[in-house]
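You will see chain A twice below: alongside chain B first, and alongside chain C after that.
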Partner chain A sequence: MRVAGIPLNRPWLTWLGLVLLIFVQGVGFAWVRAPEWLGWAPSTAGAVETVTIFGLSVVCLVATWLASLPRTFQYQDTITLASRRPYCYRLLVMAYVGSAGIVGFAGCALALIALPWALGGSLSGPPLTLVLSTAATLASALAWTSLGIVMAKIRPVFIALAVAAVAPYAWYAVGSYLYGGPWQSFFLVDLRGFDYFTPDPTGWAARAAFWLAIATVLAASVLHWKRTTTVSLWVTSLSAALVLLAGTALVPTSGADAAECLDGEPIVCTTLPYAFALPSYSAAAHEAVMALPPGVRPTVIAQEANVVGAVPDGALIMLLQPSSGFTQPATLVDRELFLSDFGEKLFGKTGCFDQSDTEQRTVSDALQIWWRERFDIPLDGSSSIGSTPFDLPEFEAARAAAAEFANLDPQVRDAWLTEHSRDITACRDLPTELP
Partner chain B sequence: MNLFRHLSRMHGVDRRWFLLLAVCWALVVLAGWIGLPQIDPNPVDRTHPLEQLSTFALLLPVMVQISSLTIYSPWVEQTRAVRLRALQPLWLAFHWSAGVATTMVLSLWVLPYGVDSVHAAGVWGLLFAIGSLASSGRTESSLRFSALALFAVLAVMTFPGLLPFSANLFYNAETTILLWIVTAAITVAAVVVPVARGM
Partner chain C sequence: MLDQVTTTLPTGVTVLLGPNGAGKSSLMLAICGLIPIDSGTVTWNGEPTDRGDHLQHFRQSLGWMPQNPGFPPRLRVNRFLESAAWLKSVDADAQPAAVAHALETVDLTDFADRTTGKLSGGESQRLALGAALVADPGLIILDEPTAGFDPDQRALFHRTLRDLGRGRVVLVSTHLLEDVEGIADRVTVIHRGRSAFTGSVQDFVGRTGSTEVSLQTLRQAWTMTITGTDEAA
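Take a look at the complex of A and B:
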């Protein structure tokens, strides 16, 4: 059965499958990097383009596949003899794959925009970048559909398919390789530096126009629309010039460095691009401070020093970035990672005492081991980036001291921590032994 | 030698095929100078020699070599079917080793410094094994399916953070032993499956 001239058994079902594939891979790949963009519009705009890293390969591959079918199955002659013009088949492929690409990528963009609300938060930041990045993404989907149809001319067909799969990714990789130079503005953007600085909207708009013009040139040339080809070549040339002129300039995002705080015990503060993390940041921080006696509890935990607003006198401030996986700062907070970092920050006291002092070091290590065991955090340091692996033999003494400390009556333990609260919370020497 | 010539002709290996293969390898070498966005998420400052476009571009020579596993001249198969078909695993082994050797030579002398040749050869071997397993139907359609399968595997391995890096056989140089075990297992499957299916 053939519907709309596409020689597939179930063309509409295949079309839907293609849309779903583009959507699922896009949202899946973007979700992997969610701590970098969730809830902040300029970073989400970068994420919208990230969905094209392999999505464009899918679009290009399918376009090449379908466009090569007549020659592969030897019915090109039949198409030539048909009442419609021979290149109408290519137009059908373009409409079929291009529309799937547009619907799939638009769905991805909408999903990424809607995701913060679905997770109980909201999207902040200037929305213009989102519109422009979505436009650039959709235009590039059309362009790579046309390129896929052009690639179908490569013989043998399996090489055309391999080239169609590799080419869009190679384009992305070359763009990353050229990062910073003016040529990079032709390529995909990703999430780097979009928290406080955003690409100039002119450049983004020019890139969308450039990709649209490329799509038109290729489509018009494979369809033998000569006048349209000529006109769109002029438009391509102009938009390419505009892309180069606009370059890769990053402009400061207004209001991005404003502080956002969430009251509670403790108060937690981040900058606006990471404000989405506040609820999970607050919950993890609350869990951490509640495990300590009042004298040792930080009253404010902040992402960085300049977001700490007017704090009450004597408030205990801890600077600890919200983090998730290898992302720091992040828009999501990994509880275990946060608690591990909290223990290291509070008891590790890097640079505050003489590290050659074995007794103080043992106390510091023992307190960190006690802290990790209290929250069932692995001692091997696997839960946090660069944290000390306390399961090594050299920490045997510290592990023994930690076990003794854990076995103490909680009141005795809290009393000792309170007694030494200044030594623990300020940057100075630690006590030389545990109770 | 005569037998090798017969096998080559039967599988459509001619001068144009060799030219195509050479062009594809040249593209792989050129792609070796283009670094990929960091795949190893560990922020520790170290070089990532394996993270280069040539790994992704390996898809091209792999597909060319896999194409030669397909029997292009059915009449040859009919006339000398039994003998030549029995040699199919040998033909596959020949291509596998030729590709592994080429990758090792290129990574030793041509690709940027620091690429572990044993690991790179393992990546090639694994891609070839997956591709030949996916195309074990030995038809034009199975060849296309194999291009899709290889692209899917490469995409999953190449996207930063999608797999735990400790399980990333392509770009983590510390997984060389595991990579070769997986490569060996899939290569054996690629030899056994077509034989079991009577191809």
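Take a look at the complex of A and C:
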């Protein structure tokens, strides 16, 4: 691409900077929500589209700024009297900024797709949505570049720049307010619902066609290609209708319920959307069970009951989903959260004994306190939403009992746990006192 | 408002002379195609300038310097000229030489890496002229190019324009008779939107009965042309 016409001192360097800015903000924004999409293709498709939430503002703003330079600095006549085709400068800006947007956003998409392998996992699920959402993202970059050039006509310039910076995000924000309605289809869809249900691929394809048609209409009108303008207006209209029809209706993702297990001690199983979590899930589970004597160790830890499938007779199964941040399922396991939940699941035994039985409650609480302190997990419950804050005064007796239990000879402690393994691992009454 | 203005611009420097508001800039803008004309035509090499391929050819041949040129203040001088060269379809391979030649012509070679915002008024005018010249145009139209120049800058500018006038059509608007004395081969006087005189400088001063081109005879010729009488002589 010839960039001599771009009135910047280092046009290539600026172009590269723009690409990097788009890439870094996109990947950074997506990474913050990595647990929600990492390694699962339909969710990754949603993440690919969310990189545009702020990225399009960058693209639109730069396009407006460059396109408005001749008027801002009063050399518009030089542009008007160019011997190149009419509106050559705007076309150059479109190519310059649009290509930066395409390279930047394509880089984001590739990074999100490649990231699972870089972290030692893989990407599961149907890849079609990835292709379509990437196409929609790149097409929207072109469209907003064109719209940015149109916005450069707004006077005064600072208003144009403000509108260009805000408009793409406003487009997204309006979509958020219209959640569930047909107009939502024109906006980014939230990726969090994409673990078992995915928008129909037609919706992605329609949105890609819509954005591409918008970009084509504007580019063709700039070039005075009347026939292309007319045709692309028809395509815009048709694709808009298709977007409204296809919408963001979610359909069950084929194969998403399938179980994926990883052998080890314990065996860990997830559904396919969370298969990426298996290594860190297994590591955290292994760390937990190794702290227990064999008789108390769960042999299978599974995300949901339906993914366990055929397990060996007598297997001790614990249902505990891979989680991160709060308590939602995640593809990257939060070790502290997982261990805290593990202890609560094993020793809390909610509903398995009479909660008004003070002695059993103290034993249950003491075991949970011992477990948390063993892994340096804060007692205040901050590691997990809904977790009991054992640092409150009312748990003083339990904390004292936990301290005594922790000071026991490990063999004595393990022997007691083994002796009461049935009480601990099954849903039944707990012993009324610790050794 | 211009009315019934007919003029032919031969090779050499033609000075468009007229008081403020006479219509000099309007005529130049109309020739360039920057403002529409209700009737009549502008031709270049015998072809109307506003039609199809001729328009592109005309613009390729045209170097235009506006009255108040502007530049992005953080842009370097040579980058602005590269940008202007691109707009004029100068081949990428030829751009460095074209920019260097333009810089040399307007005596800004030493300022090539300076940002345009740091140029003085005179230097900015020279840069605007450089941008007009970068594609080696056959027709150069300069709107009040010497406004704000000091005597040295004006002398340099006159020398440059005289050089440019050899083999090119140069149209310069001014209200300064010093410019006529310094550079003009021909004079067109615009008064109240009409062409009051078109001819050689010698014919212009000849109206006073003198053959000497001087500020005094030019002033007398000017007054005669504007008043439409020979009383000033």
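In the analysis below, the second predicted complex is superposed on the first by the 422 of 435 C-alpha atoms of A that agree within 3 Å, B and C clash if a C-alpha of one lies under 4 Å from a C-alpha of the other, contacts with A are read in each partner's own complex, and residues count from 1 in each chain.
The working rule: a contact is a pair of C-beta atoms (placed from the backbone, for glycine too) under 8 Å apart; a residue touches a chain by one contact, two chains touch by 3 or more.
Only a predicted model underlies this, so the values are computations on that prediction, with no experimental measurement involved.
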Look at the residues of chain A and decide whether chain B or chain C touches more of them. B
For A:78, decide between first (touching chain B), second (touching chain C), both and neither. second
Can A:391 be said to touch chain B (first), chain C (second), both, or neither? neither
A:53 contacts which: chain B (first), chain C (second), both, neither? first
Partner chain(s) touched by A:359 [first = chain B, second = chain C, both, neither]: neither
Is A:429 contacted by the first partner chain B, the second partner chain C, both or neither? neither
Applying the touch criterion given at the start, work out whether A:176 contacts chain B, chain C, both or neither, answering first, second, both or neither. first
With the two structures laid over each other on chain A, which partner does A:88 touch: chain B (first), chain C (second), both, or neither? second
Per the definitions at the top, what is the overlap between the chain A residues touching chain B and those touching chain C? 72
Within their complex, state which residues of chain A touch chain B. 25, 28-29, 32-33, 53-54, 57, 61, 65, 72, 156-159, 161-163, 165-166, 169-170, 173-174, 176-177, 190, 325-326, 385-386
Quick one: in the complex, what on chain A touches chain C? 2, 4-9, 69, 72-75, 77-85, 88-89
Chain B residues touching chain A - in the complex, by the definition given at the top: 20, 24, 31, 34-37, 41-44, 53, 56-57, 59-60, 63-64, 66-67, 140, 143-144, 146-148, 150-151, 154-155, 158-162
Contact set on chain C toward chain A in their complex: 32-34, 56-57, 59-60, 62, 64, 66, 68-76, 79-80, 82-89, 92, 95, 131, 135
